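Each structure below is given as structure tokens.
Here chain A shows up in two complexes: once beside chain B, once beside chain C.
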Partner chain A sequence: MIATGLSLALAVAISAAPGADEHLLAGARAFRDGHFDAALVEFRVAERLGASDAGAYAAASLVQLGRPEEAVEAFASSPPGDDDLLDWYRALACYEARLYTSASRLAAKLQLSGPKAAAAVEKLRADLARVLAPEPQQASIDWYFARCDDLRQRGRGALAAAYCREAADLGERRTDRYGVARASAVLTRLDPGARHEVKP
Partner chain B sequence: MKTRMLRAGALAAFMWAGVGRADDAQQPPATAPQHDAAHAAMHDAMQQHMATPPADMAQMPGMRNRAAGDAAGAQEHAREMQQLRDQARERAMKHGAQDAAMARGDDAAHAAMHGGMHQGAGMMGGDSSSQQQGAGMMRNGDMHGGSGGMMPAGGGGMMGGSQTGASGGTTGGTGPSTGTPPGAPAGAPMMK
Partner chain C sequence: MIAAVVTSLLLGAAADPCAPVEPAGPADAAAAAAYRSVAEAEAASGSRDTAVLAYRHAAELDPADRSSRDALGRYCRDAPHPDPFRDGMARMDAGDRRGAIAAFRAARARSDDPTIALMEGICHYELGEDREAEPLLRAAERSPDDADVASLYLGLVALRGGEAAKAAALFDAASATPGLAPVAADLARFARTDGRWALTIFADSGFDSNVNLAPLQGTPSREGDGVYALGATGLFRPRGPDGPYFRAQGLLNQQFHLSAYDVAGGDLAGGWQVLTARWSALAEYDLGYRTFGGSPFLTSNRLLASAWTAVGGVTLGASYLARFESYASGFSPFSGTVQAGELRTSFGVGSRARLALAYGLARDAARLSILSYVEQGPRAELRVAMSRRVRLGVDLAGTFRAYDVFDPSLGALRRDTYLDAGALAEWDLRPGWTAHAGLRGRQALSNVAGFEYGKLVPTIGVAYTFSP
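Let's turn to the complex of A and B:
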């Protein structure tokens, strides 16, 4: 009884310790200074201490570190639409991970202010329009399926689902809808209901 | 007694935790700005580092196109060049080992070569251990230095008849057993 009381008291005392915001701030400073690896560490710590938005900031750091697939995974924990700037980084992560239809959907909704940001968004949209203009080839869709299978076997379900969704979206751009049924079946196995939940 | 102490300890811990929580309850005005400051700082930082993607980076995977073909061709070429380098290194090492074996030989035909090597080696190191250094170069697979370094009167012959090399060749490297004409690069016949 007494031991339980002591444990509870200590747990309460420890959980009351501040820190998440400090790590969030330290991460922001490191990001500003271009120390993206340090920023990533700070955001990861802040996330573990309960800062809900630290995951998206960690994802932005991963984009800057040239790790787009990990960034896509990290962004999966927070839905798009809350912050245009974060959605820009999300779109960039998708773009660099070759998730072009996802990037295109995100880029279409972006409304960033400032000439530099507007120009960057326009460029991204134009590049995506160029790559998505021709009808996708079966070989391309198969590449996404292969990536999906590989990631699924490695236990990276969220990223695997993103690649299978991309295969489905590309298949829908074809008249024969190549791969759409297969992608739906895989997605149902991966995460029932994820087809519409995570889709940007 | 023990029980009393434990109860007192537990009470103290609860009171301490309560005070801590009371402090926290008074602090939200202080922590909320810190949270907002962190978000504002991160927003600024993200805007500051907002970069455009490289031009024409987007490429649908699984498609055979010129860029992919070029990249594959470059990789193939690099692989072939690496194989050639490996083969050349292997040849040089083999030749180096042969030359070293000849250098260690004690028959009359090789005596002159020994002399030449000492002269040539003198250029490299200036002591009697230079012969070993020459062999070492070949074992390291240095194609040029290895072959040249082990030539009878090699230093001089290979260097185009410098003073040191010429004297080395005369005294030892160009004996009748080697059959190397004076003035010609003593190592030339051995080049493979």
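Let's turn to the complex of A and C:
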């Protein structure tokens, strides 16, 4: 249902570069029909042919394909807040990539119409509230730092920054603010642009 | 061109991507290059299916694109790689834990997802390979998503290794997750009594509505009284749960006013428990001593054997005991041998409750034949974890007793029926401390009116368990 909504929204919003439109349209149809691998390919082709907004749709496809970390990276090229449907997928990507505080911030702002969509958003919010209810353990925060460090060494700066940002946000939820200063230092070293982009 | 691409996607998405490549309308080298670029990126990220799809489109749009055709041919010649994690899960579900471990190991070679380590660790634990399980569970414990389940299994590993206090702490950590709370809280409580040694002390108080088991009508009249009980149980297991054990128990059950019904006693027991992955069993000897009304009452020697196994989520068990009873003078006609056996099963009811059903058969061969009987009947226990710290229980039992011979003094061959019911609430105040409130009731029916009675015993109490 949400997938259909996204494809319709995309179909009426197409205004990409010549040659890219047809791939955006093909991607939208494939997405609507549940062929997310085909949708991803088409959106990626559209992106390469000049459709700058195709990256977000490719990111939504990556969410549906169970590739949330790549989706988070793909969403990094476009800021949140322009489209609730895309922000729904952005929140899902963060949730599935274990970026819970980022997902929570996105989910808090979502206003999807329709009872099923609203119920899905409510469920996501409830799941996030459950995950974020207890005070984060130091071991959990250390896990995010380890993930951040690993991704940084692999050259995936945007995603690394997202994990370090999550470590900082979790540290802020502890009375001793464990890891906050360390996260700030790491984020400062990471690409400032990437750091800004991944913060919803 | 648009129609060709859209049609190919709508129809072709579900078609075989490795079917022979046919040109898709006029050649479009620019679009083909874009598809090839996407295909290479997807291939680099390990996404075979999308890479194949994109290479195929590139080959369809540009017959001269040999690199895309070659790449497509390469992918299609290779058998599709199964997902080793899914394979492992399927093998685990089928009970093939060795196969599952091999698959999970292959999956870990591709991905450092802690969930894979968790599942492999669980397989090792279930095979009794705790040394292999622990590092995998530790790796999974560092992931926030898997930490709770990993803690639960690390607790089980610690428990099996005889580290009860460590196990209890791990179960406590796991019980913070609502879905795991019922089982983890139960395991934490169990672990606190499952170390190499444990000492439990308790104090109860309540009211017994019919201390003298007086009949509903006639004489003697019913006498109710307040009661308090103090007790302690010490358990020593030098090799942990799997091996020999020794137990000492003391009990003091005092009436507020009717001291003739006071009971005190103690037990010394020694036994051996064997725990394996498939079944468990114990054998035990128990020496018991009781006083009644402050005077010697009973000395008993009891032999007990019990075995149990789990089949899926159902536990099946059986036990047998023989108790050789020697009553003090005045009660000596009751002396003799009691033999009892029970078959039992227990299983989960939903995520928070467990139901146990049992059927018992007992024979009391007393020195005086009119006191000898055979009794049998069913028993049911329901335990519900209401929250992380609160449990409720309901017990029901029916016992049908038939005496051996006609009793000339009663003028009857006595037949009794006992209907027992109980309700229990337990509240874990803090680690080691448990408060409880209970209500027990019995209705005794008999073909001899003087043996019919009813009683209710509400109690409250608190218990504390010391453990290493």
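Here is the rule we go by: the second predicted complex is superposed on the first by the 177 of 200 C-alpha atoms of A that agree within 3 Å, B and C clash if a C-alpha of one lies under 4 Å from a C-alpha of the other, contacts with A are read in each partner's own complex, and residues count from 1 in each chain.
Methods note: a contact is a pair of C-beta atoms (placed from the backbone, for glycine too) under 8 Å apart; a residue touches a chain by one contact, two chains touch by 3 or more.
In this text the structure is predicted, and so the values were computed from the model without any measurement.
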Which of chain B and chain C A:D142 touches, first, second, both or neither: both
Partner chain in contact with A:E70 - chain B first, chain C second, else both or neither: second
First (chain B), second (chain C), both or neither touched by A:L25: both
Partner chain in contact with A:L40 - chain B first, chain C second, else both or neither: second
Touched partner set for A:Y89, first chain B, second chain C, both or neither: first
First (chain B), second (chain C), both or neither touched by A:A119: first
Common interface residues of chain A - those touching chain B in one complex and chain C in the other: 22, 25, 29, 98, 100, 130-131, 136-137, 139-140, 142-143
List of chain A residues in touch with chain B within their complex: 2, 5-6, 9-10, 12-13, 16, 18, 21-22, 24-25, 27-29, 31-32, 34, 53, 57, 60, 64, 85-86, 88-89, 92, 95-96, 98, 100, 114, 116-117, 119-120, 123-124, 127-128, 130-131, 136-137, 139-144
Touching residues on chain C, where the partner in the complex is chain A: 1-2, 5-6, 9-10, 12-14, 30-31, 34-35, 37-39, 41-42, 45, 47, 49-50, 53-54, 57, 112, 141-145, 147, 176, 178
Chain A to chain C touching residues, read off their complex: 19, 22-23, 25-26, 29-30, 33, 35, 37-38, 40-42, 44-45, 48-49, 65, 67, 70, 98, 100, 130-131, 134, 136-137, 139-140, 142-143, 146, 150
Interface residues, chain B side, partner chain A - complex: 3, 6-7, 9-10, 13-14, 16-17, 20-21, 24, 31, 34-35, 37-39, 41-53, 55-63
